[in-house]
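Note that chain A is present in both complexes that follow, paired respectively with chain B and with chain C.
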Partner chain A sequence: MGALLDIIGNEVTYSSAMRFAVLLLFAASGEWVAERAGTLNISVEGMVLAGAFGSAVGYDLTGSTVAAVFVGSVAGFLVSTIQANLSHRLPADQFVVGLTINILVLGLVGFLDNVLEPTVVRASQLTIPVLASFPVIGPALFDQPWPLFLVYPLVPAMWWLVYRTRWGLEVRASGEDPNSADVSGIHVNKRRRQTIYVAGITSGLGGAYLVLGAVGSFADSIVGGRGFIAIAAVIFGGWTLRGSVAGCLLFGAVVSFRLSLPDQGYDGINTEFLSALPYIVTIVGMALFAHRIRPPAALAKPFLRGLN
Partner chain B sequence: MAISESASREPQTSQQTSQQWLENEPAVEVVGITKRYGQVAACDSVDLVLRRGQIHGVLGENGAGKSTLMKVLIGLVVPDAGQVIIDGRPSVITDPIDAAAKGIGMVHQHFSVVNALTVWENVALGDQDRLNPQAVRNEIGDLSRHYGLDIEPNAIVGTLTAGLRQRVEIIKCLRRSPRTVILDEPTSVLTPGESEALFEGLRRAVEDEGMAIALVSHKLDEILGATDLVTIMRRGQVVANLPTSQSDAPGLARAMVGRPVSLRSERMLADRPLADRPTQAERAGSKSGLPKPVQKTASLEIRSVYAQGDDGRSLLNGLSLAVNRGEIVGLAGVEGNGQRPLGDLLSSLLPVSQGEVRVDGHPIVCGKAGAMARARISVIPEDRHDSGCVLEMSVAENLFLADPTLVSRRGVVDRRKMMDRAQGLIDRFAISCEGPTAPMWSLSGGNQQRVILAREMAHAPRVLVAAQPTRGLDVGAIEYMSSQLRQAAEEGVAVLLISTELEEILDLASRLIVLSEGRIVGGMDRDQVDIEQLGLMMGGAGT
Partner chain C sequence: MTDVVASDPIDALPKEVSAAARGRHLVFGEIVSLYALSIAGALLLSGLLVYLTGGSARAVLGALLDGSILRPGRWGLTLGSAAPMLLVALGTIINSRAGLVNIGQEGQLLLGAAFATYVGVRLGGENIGQVAGFGVLVALLLAGGAGGAMWAAVAGALRFKRGVPEVLSTLLMVTIASNAVGYGLKKDWLLLAPAGDRSNRNQVSEQLAETVRVKRVTVFGNEFPITVFLAIGLAVVVAFALARTVPGFRLRMLGQNAKTAQRAGVDSARYGMAAMLLSGGFAGLAGAVMLAGGDFGNYQLVPGFSVSIGWTGLLVALVAREKASAAILVSFLFAGLRTGSGFLAATGVERKITGVVQALLVLALLIPPAFLYIRERRRALNASKERI
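Coming up: the complex of A and B.
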């Protein structure tokens, strides 16, 4: 009990929870868009890793964190073009493609990392005056490495894109009822490809944030399955952006909780159990809310004209 | 741009456009269109001319190729041969957007609206310019008033009745100010009042704005009442082309089917005086030698069932009814008064909060998957695309989907047996398709309906619930479906016929009950039908 109170009252807990949550937020916000269009995009893991490595190389070459973040998002985008075009131009199964991409990126990055050995630094800290001195959570939200601040406009931008633009309307229609969307004159597969590009870019940014903002160095094990946790966050959130954000924050807290326990000298709780916690929470959440949450009706279903 | 254009669609504007078109000038000409699917020629060098200021009826049996022809016109089907000429210019229509740009719009036979979106979002779907919700909502308001099609722009389409969903589709089509409109069986889900309103609106569009309209329908009286010209198709070919004023219902039916057909309405006239006619129960009783109140316990009995939807709305409101062996009970009522929940209840899709369902006196658990089917209640569902069949699977798989035990041994499907049995059903129910392995989506709407009937009848049901069983069927197929239902009753099945078409019920049922707001508000024997009283009950006024 004492341990819990220590952790809850401690600013460091929130900073570290935020660090984990932000990576998930980057990846999940793009993933959410892709899923709303009907793709369960499991290559998000590979996209994050490519973004992380890209930003490391970018920094190594230019010495600029801004350029590094840019290169990271481009790397994520490049991976997404493979997923998008194989699964929504050629009729390759999206899961097979995604799985292959994840393995491919992991292998390629491991190899290139050995060859290039990029060195990275942590991006400079940005402190928002006044807000950062807010007790307990102020530093976590407003005194952080600068790439973290990209997530604040990103999330509302995704919401706006999906709910307030014509493009977003067509995306939602493509994910719910591709045949009707097609009959209405929408290029379903084009929209689906575009949403995967969006996921690639945001995941790439997430990877860059991970390297430059959270860790300050690169290793090929740096993502370690957190792309999949981002997918779990979207599912946990019932395919709403609000829910996905809540999922990211919750899962971020769980991960940081796991890491901070041993630091503070408590090791009574099984850390493996804690690693599995996000998935357990997702499954329990799905079981509890299954009658209320509804995935996009055409999620993970390929669209071919004529099947109507 | 599209917004300002159609937002300005006021009565004066349509007056102006009326001077810009010439009476009976061809809007769209179809020349020698051929489309083959494997062995089947869905369209076989079809010629058709749609003229401005005219409503052109297209009639034909199920599978005659009507929908295929219409899909060519909006770019969903690429023809193997032939040409489409729009306003005198040969044109290639690549997709629905292209068709819209060339002034052709379509209201589809199967809904093309997205259930998860709101009405206005659906209407705006497929536009090119910036999304402007308020402008779209205003336009919907204008169009609703102009054509008499009332709708709430912010409603989620999935929560609307079939009639309203179709209204959304019509508004979506009309909003693009098309010069040619194709309506593929637009009234199959509308109440008579709604259809009348629709045709009034269409007539106005044709007369004021010089629209050319193609109306695909199986309803002869609708074709006779609403069109200027009729084209009749059979097996992919045009077999007749004549002015509506020179045709009559028996003539059209004969041309369509290629043989004389007994029409429901005629049969009803011929059957007068009604009291002389034996009821189904009597006929069934005399035939199988059963005593007249066939059994003390009804075959299907529903006792004061209450059920709520997910949103807490009450769906069934103390509904009680009983159907005896060998009788056809017709459940009349205006669409949206509980027909769908009742169908769901008997398909184990709807749990109840109170009340019970019994088959031959044994209570059945409600809402437990498969419980109703195990009690041998077969349901021909109302919407064959929502819950009737799996379009991606083959005809054979669809036939045995609900109960694979018929063709499997120890849980393993015997493919040979499945194919043989499927072929048997295909022959028995005269399903026109390439064979048992043909995918369900390749069948015409009417033939999909036959597959569902075959599937349900293959189980030797005790209770057969037929929800709108002839929706979308041609006259020949309706005749067939009716005879199948009669035969089922004669074999001792308890048949519950749920229909919004009074004619159908009057034709088939021996007893009528009326559904209003989720419960039965009254009933009468077929021989003592008082149409006026019935109308009052359906409106919820009678007692």
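Coming up: the complex of A and C.
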């Protein structure tokens, strides 16, 4: 019990949880938009990795972290164009495409990493004067590498995009009832492709944050399945944005426990169990709530005009 | 209809029929050229990548061929690597024919290998005899299948009892499996070898006893485990069962149109569950075959034992387009890329290029059928418009 209080009262706990959660937030906010349009992109993992590598190369070439973040989001976008056009322009199976993209990006990044060997640094720390001195959670939220602060406008922007624009209405219609959307003049597959581009850009930003903000170096194992956790967070959140954000924070905390608990002297905790915990929580969550939470009705169902 | 086509020139047919027949001729040429184009595109891209990074594509191809088949003893190694890939692919073919998406073979394979290790090490001691050893080997292979099937069964049960999409549960369970096996390799009451015979605390299991291993045969100086024949035999069985038996027909019906299958009396939960069990079972068997076959490591389980064979087997099934017979050839091709990559170091090209080649080939082979499908549908839609 004392141990638990120790962890809850410690600023480091929140900083490291935030560090892991932010990567998930970047990737999940875009993937949430894409899933609302009825697509499910396993390739988020590959998009994040491409973003991470792109930003590493971008920094190596330009020496500017701003340019590096930009290059990272472009790399994520490029990967998303493969997913979008193969599975929502041509009718190739989206899971097959997504899985293959992940393998392609992993191979490509591993190959190019050995050829280019980009060197990266940590992006500069940004401290918001008053807010950062807030006790316990202040440093976690407001004293961090600057790419992290991109996530604060990004999440509300995604909400606004999906719920307050015509485009967002069309996106949701494409995800709920593509046939009706189609007869009312919405180009369903075009909207779906666009949402995947959004997911690619935000995942690329997530990868850039991972390299420049969280780690400060690049290795091809840097993402290590956390793109899948981002997808899990969207499902865990029941396809609402606030649920997805909560899922990201929860999973981020769980992932960070694996590193922070032994650091603080709690050795007895089973590290394998902690690594698997986000996945177990997601599966149990889906099993418990799959009946209560309602996915977009056309989630992961390809749309072809006149087929249904 | 066929008689008419055979006896008369196409032009003599009624209008719609002749259009269809002409279409068929056109389509065949189209299919061949489309596939040729996409494969050439994928290979060209890979070659370009090698060229741009300062390597020689010709040298890479030569090294890959040398390492996979040409050099003495190499095609035996390739066969040994192909067997588990083929087994994984066979399982994948079964579930995709039933309309289910299992992408967790990597985890199912690893868990199968862990189960096989446990049984093989616990039942087969140092001095086990020839006959008893064979019995343990069979038990070990079955245990591997059971382990993989159990892992897939969880995903299947979640799908049919709770409505959880099996795509996600199988994928997420890969990481859980690798962590579970990692945990098992830390505990000596599970998989960890007793510390006595090792100086360092590496996470490895005990080795399988000599007599518990799969027999290796030598053909023209190429040594490979006899499980290669088992894998090919099972491929024939799966192909036959899917094409010519009632349960196979029902599985395919379920995959092509679940509603029709239900009206025809196919219990989707029962057949779907069976497909998941078989799929996981094949992946688990592949893990056991890797463990006892000798081409992967030293007859013992280590962390990361599955070395992406599960993922590659999944790709094999995708490239083979759900045909067990084609999977035999494709698994040999992909195994060749794997064994051939061992020779790439001499050319100065990073061996990870083979992962790129594999993925590009898969993507390239996805395009023609998708493209043709759209064409076909457009034609059908236009035809139906004309009729109205």
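Couple of notes before you dig in:
Everything below uses one rule, namely that the second predicted complex is superposed on the first by the 305 of 308 C-alpha atoms of A that agree within 3 Å, B and C clash if a C-alpha of one lies under 4 Å from a C-alpha of the other, contacts with A are read in each partner's own complex, and residues count from 1 in each chain.
FYI, contacts are C-beta pairs under 8 Å (C-beta built on N, C-alpha and C of every residue); 3 or more make two chains touch, one makes a residue touch a chain.
Source: prediction; values computed, not measured.
When both complexes are superposed on chain A, chain B and chain C end up clashing with one another.
Of the two partner chains, neither chain B nor chain C is touched by A:V215. When the two structures are aligned on the shared chain, A:L40 is found in touch with chain C, with no touch to chain B. By the touch criterion defined above, A:I137 reaches neither chain B nor chain C. In the superposition on chain A, A:D177 makes contact with chain B only, while chain C stays out of contact range. Touched residues of chain A were counted for both chain B and chain C, and C has more of them. Legend: residue contacts after superposition of the two complexes on their common chain; A:Y279 is shown touching chain C, with no touch to chain B.
Once chain A of one complex is fitted onto chain A of the other, the partner contacts of A:L169 are limited to chain B, with no touch recorded for chain C.
After overlaying the two complexes on the shared chain, residue contacts for A:A67 are found with neither chain B nor chain C.
Of 81-89, 117-125, 135-143 or 261-269, the segment of chain C whose C-alpha atoms clash with chain B in the superposed model is 261-269. Overlap of the chain B and chain C interfaces on chain A comprises residues 291, 306-307.
The part of chain B that touches chain A in the complex is made up of residues 76, 95-97, 100, 108, 110-117, 121, 124-131, 172, 310, 391-392, 441.
Contact residues on chain A toward chain B in their complex (touch as defined above): 164-166, 169-170, 172-173, 176-177, 179-186, 291, 296-297, 305-308. Against chain A, the residues of chain C that register as touching in their complex are 49, 53-54, 101, 103, 158, 162-165, 167-169, 171-173, 175-176, 179-180, 182-183, 186, 311, 314-315, 318, 350, 352-356, 358-360, 362-363, 366-367, 369-371, 373-374, 377, 381. Residues 40, 42, 82, 86, 90-93, 95-97, 99-101, 103-104, 106-108, 110-112, 114-115, 225, 228, 231-232, 235, 270, 272-273, 275-276, 279-280, 282-283, 286-287, 290-291, 300, 304, 306-307 of chain A are the ones that touch chain C when the two sit in their complex.
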